[in-house]
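The first chain written gets the first letter, and so on, giving A, B, C, D and E; residue counts start at 1 in each chain.
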Amino acid sequence: NSNQISSSEDTVRVAFFPNIGHSTAIVGLEKEIFTKKLGDEIKIEAKIFDSGPQVIESLFANSIDIAYVGPGPTINGFLKSHGQDLKIIAGAASGGASFVAHPDSGLDDANDLSGKKIAAPQISNTQDISLRHYLDQNNLTVAEKGGTVYVVNIANPDIYTLFAKGDIDAAWVPEPWATMLVQELNGKRVFFEEELWPDEKFASVLLVARSDFLLQNPVLVDRWLEAHVETTEWINANPDETEIVFNDYLKKLTGKTLPPEIIHESFSNLHITYDPIESSVLTFAQRADSLGYLGRQGYDLEGIFELQQLNSIQEMTQNG
Amino acid sequence: MKSNIVTKRIVFYLALILSWQALDFANIWPDQIFPSPLEVAEDLAFGAANGSLFYGIGTSMLRLIIGLTIAIAGGLALGIFMARFSVVNQTIGSLVLGLQSIPSIAWVPIAILWFGLTDAGIIFVTAIGAIFAVTINSYTSVKNIDPTIIAAAQNMGAKGPQLISSVLIPAAFPYMIAGFRQGWAFAWRGLIGAELLFSFLGLGFLLNVGRQLNDVSQVIAIMLVIMGIGMLVDGFVFKKIERKVMSRWGLA
Amino acid sequence: MAKLEAKNIVKRFEHNGEMLPTLDGINLSINDGEFVCIVGPSGCGKTTLLNIIAGLTKPDSGQVLLNGRQITTTGPDRTLVFQEGALFPWLKVSDNVEFGLKVAGIPKNERSEISSRYLDMMQLTKFADSYTYQLSTGMKQRVAIARALVMDPEILLMDEPFAALDAQTRDLLLVELQLIWERTKKTILFVTHNIIESSVLGSRVIVLKNRPSKVKKEIIIDHRRPRLAEDESLKKYQQQILAELRTEVQPGGKHTD
Amino acid sequence: MAKLEAKNIVKRFEHNGEMLPTLDGINLSINDGEFVCIVGPSGCGKTTLLNIIAGLTKPDSGQVLLNGRQITTTGPDRTLVFQEGALFPWLKVSDNVEFGLKVAGIPKNERSEISSRYLDMMQLTKFADSYTYQLSTGMKQRVAIARALVMDPEILLMDEPFAALDAQTRDLLLVELQLIWERTKKTILFVTHNIIESSVLGSRVIVLKNRPSKVKKEIIIDHRRPRLAEDESLKKYQQQILAELRTEVQPGGKHTD
Amino acid sequence: MKSNIVTKRIVFYLALILSWQALDFANIWPDQIFPSPLEVAEDLAFGAANGSLFYGIGTSMLRLIIGLTIAIAGGLALGIFMARFSVVNQTIGSLVLGLQSIPSIAWVPIAILWFGLTDAGIIFVTAIGAIFAVTINSYTSVKNIDPTIIAAAQNMGAKGPQLISSVLIPAAFPYMIAGFRQGWAFAWRGLIGAELLFSFLGLGFLLNVGRQLNDVSQVIAIMLVIMGIGMLVDGFVFKKIERKVMSRWGLA
């Protein structure tokens, strides 16, 4: 009787961004893969966000159950709630960020960063951590700590404007911004971030569940994960159609689309996967901690992953 | 409105649009960050044609009206009490100003905590954005009422709620209008800010989407709509009230 | 027992850091139904005294007794005609006049009936729907008088109500006010700087000394009513009042302050 | 040529949708150095007329000529004492009096000297540093008079300036004003509702008809100066003025509107 | 300030803090979204100890003062001109209100376009946030001046700039104070918003860091600092001016 879901809830509230890295959520909803798995009795409420910390806030406030969100906010949320409020139950995307130099900056490789202004999105977000860690690795110190490199944390659209005006020399940004800087503003892609990671992969979007929800509705979460895995496989099997679904979704939501070239290249620069790439999440935490983002008391990520369900689904699909 | 006022306005706005177009021709900034009026107009026409614009306006207006009503009612009451009872002024009064220094962005977490991701949360942020302008204006207006006017009313037996409704409010009204006008503008602003942060339908949401998609002409189009509605309401509601009250007082 | 008693009223005001003694122990005793006029030099404290009796200003010491009980607040039993109008600029003339009646909960049609009667008396019928900024100074003063009269209070306090009126209009109202008083037997306290007015209206005229002021003299005017401004027989009272006042203001431009 | 001429001045005001004719063709001709009083019933348009002459209100038709040239704006050559004070509440009494001098660019010490002279005349020296809310009505009116006198204008326009003063203070100022006029030979236009005042001050008294108003009668008062309020020999003029006015207000409470 | 006012305030704020602590004990919300006063105090102490707090306050105050000065000067001038010249009111006046409906978040792209990532950009957003409150209050205050006061001044020869500075502004001042007080609060708010979006030093930056790290007690700590400064300035500057002006007019 596997069609019968026994749960205390009849609604799943899912948070995601209308971004390329969050395609699993978008495509799964648009192709009704989630609806089919969960059944008609379960209502899905889509909550659209554009900032990770706010997703975590809402999760804390019991306003959402499941979220597609980056590793930075996820780690923060886990630690802030003393490991109580959320679990990573799967991955959603890997890669999808690049270091792009301004054509007039004279930056050809990473050796010339001293004295430059480099932009990244909000403090402590995934790209910000990567950029600051990268500078550290290259023995460069940021201006606020008395060094020579200026890191500018500012929203992606504003990075675009500054880049167009030539006010910044480089930017560490996610897709589709990286591709837009390259295609529209003649930016130079110095490298893809994944080139710096083992096996060229790192988690950039994760699937996270509220702990209470997970506890009370294991079956529901199971179904969601099944659909999540199915959607991931569908996306990887149908890249062209994915781009269309994505753009149609934007159109429906906002009346706007992105240029197809940009969508296409952006998709090709990231990997949709349900693998949470655990080691990369742990590495992120280490880096964030060394940057002072994880508070004054040290950190402990014990229990952040809850992958049993994902693993059994994986086994089933591999066996079946 | 007399026709020569209309003419002056048309001339003024035409001049503005022309300078904008000229700035665009001058090509100081690339098109992706500084669109021409034409592109913006196209975006507006498109939004109007597919209905998303009107749906956005409708959603936003509804929230605005509720939020503003709360702000005006609350601000009026608080301002009057602050003006009449010094203990209110010395305690809650000082707090109001402090609370008002807080940007909407900082209210959002509290709104989510209390109301979840609902319309109520957005309305809360909207009302918070406007209430202070109304409060402080009501306070100052009531404080500045000619004391003999109040004395006369009390001498004729007016007190309590009747004194407030039939003397304090009408006597202070010509000044209070400033508070209501501001309340309106700030509520509008608070609302858009909240919709933008909640990413939850309405014009603010459309604005945010434009931003996220780096569609500057969409952003400007929505901003023009926001401005336009602000100006229309001001012209058709507040200006009218103001003119009426002022002419009654012999100030027009 | 007196209707209204003021006992040793003292009031000081701050001017530029100094306390200026204004009322320096005023004693009054006014009987029920009496018509008393108060005269005194400009700035001696007449308005202040009326405000204290109306319960709008607190004296620094002393007390006001109404029917033997100390008054603590203002109220419609002691309606005051303010010297400077104090009309409500957001109300029409008729609504200004009806204000107190409305507060008292009197129904609209009754209110209109009363107010139109008094507006007629004040020759303002045509201006019932005007706003106060559309009136001349004298017209405003007449509205203020009407607004107080409609209240039909136990005690009527009037602060130079006829100051802005032309002689003819004033003479009419002098007669009207005496008729009202005789008909209703109100207690009236009437402040004026006009000696003729005081002699025509008052059963008793109280002359105040200049600041710091006390009651200087009381003059009883026992004369048939209604009296007219032209009455030659009031002359002797007027001379008496004038004599009392004259010593209060020194001629020749040297100020008494 | 007349110093000041008003030619066929017409002014209407809107009341509740209707246009109310107020000044209905006023003609005046005032010679240089003349002292003219204007009397008329309350609400007949005296203030309106002065405002038009001062250049503060535009007539609907007709014109005002000053030295033969049409006036278009207001200015310190025609200083107006406003009927309702119009003092500046944010300024001290002395600063109120000095306002016009300051605007004219007169240095501080000279200003203080002038203002203290006039404040002394008005018996307000002690209140030079007070604010206007601290004054009695009569004191405010005296400040307004001082404020106009310090300007030493060619033409002085005074709108019932003595209405709030007690008889004694007024009598002093009646004499002072005559002395000033004799010394400086100003042209003075003085509106009053007080018949005694007008007969004491005016070389000519202009009586206005009730609304819609016209000039009804001009009475020349050819009598030695300074005149006093008590002058028995002014009686006959007062009777004459009174007679003119009496027909304008109908006794018996029936209004003329 | 009399000592019993101080007592009332202390009692009031103590009561607030105690209810906060009680709410925390009641454990309605988990700690990570509703920190206790103690945690917040710790955060404040830490920020104070390492100096980052004072540096943030200093940076923000400087920007605020410049932005507010611009807003007050500009708003005053614009408001007075709107009140005195109807053509200004009919053209620019209507635009001001429209512009004011735009949330700071929408100004940031323009500020970046015009000023880049500089202090000037932040000051621009700050001034824009406050100028309207000052403008509309100045406008209404001047409109409501008793016409005979103006007539008297003109009759004594005052005109042009002298009329403005020695009559219009002082006559309208008791009401204008409301505009300045609001200008202050909104400038503060605009500033924090701008710093937050520019992520460029100052208290807004610190607030943003707290937000990005989901560190609620840090966020609340910074909000308290923002509120506290707002209240201090209100109490020590605006309330003082207000009391002085009102007592001079006999309204206190």
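Some notes on this structure:
To be clear about the criterion, a contact is a pair of C-beta atoms (placed from the backbone, for glycine too) under 8 Å apart; a residue touches a chain by one contact, two chains touch by 3 or more.
From a predicted model like this one, the values you see are computed outputs, not experimental measurements.
Within the contact network of the assembly, the step distance from chain B to chain D comes to 2. The chains touching chain B as well as chain C do not exist; no chain touches both.
Of all chain pairs, the one linked by the most C-beta contacts is B-E. Judged by shared residue numbers over all numbers used at their interface, chain C and chain D contact each other through mostly the same positions, with over half in common. Summarising the inter-chain layout, the chain whose CA centre lies farthest from the centre of chain C is A.
Between chain C and chain E the centroid-to-centroid distance comes to 48 Å (mean Cα coordinates, whole Å). Taking each chain's centre as the mean of its C-alpha atoms, chain A lies 82 Å from chain C.
Chain A and chain B have Cα centroids lying 36 Å from one another.
Chain C and chain D have CA centres that are 26 Å apart. Residue positions of chain A with contacts to 2 or more other chains are 57, 60-61, 155, 157, 161, 165. Looking at chain D, residues 84, 134 sit in touch with two or more other chains.
Looking at chain E, residues 33, 109, 113, 211, 216, 249-250 sit in touch with two or more other chains. Chain pairs that touch, as defined above: A-B, A-E, B-C, B-E, C-D, D-E. Against chain B, in their complex, chain C makes its touches with residues 51, 54-56, 74-76, 78-80, 82, 84, 86, 88-91, 99-100, 102-104, 131, 133-134, 147, 151. Those residues of chain B whose C-beta lies close enough to touch chain C in the complex are 146, 148-149, 151-158, 162, 166-167, 170-171, 173, 245, 248-250. Residues 5, 8-9, 12, 16, 29, 33-34, 87, 90-92, 94-95, 97-106, 109, 113, 132-133, 136-137, 139-141, 143-144, 147, 174-175, 177-179, 181-182, 185-186, 188-190, 192-193, 196, 204, 207, 211, 216, 219, 223, 226-231, 234-235, 246, 249-251 of chain E are the ones that touch chain B when the two sit in their complex. Contact residues on chain D toward chain C in their complex (touch as defined above): 13, 15-16, 39-43, 46-47, 83-84, 120-121, 123-127, 129-130, 134-139, 142, 160, 163-172, 176, 193-195, 242, 245-246, 248-249, 251-253, 255-257.
Per the touch definition, chain E reaches chain A in the complex via residues 30-33, 46, 108-109, 112-113, 116-117, 197-200, 208-209, 211-216.
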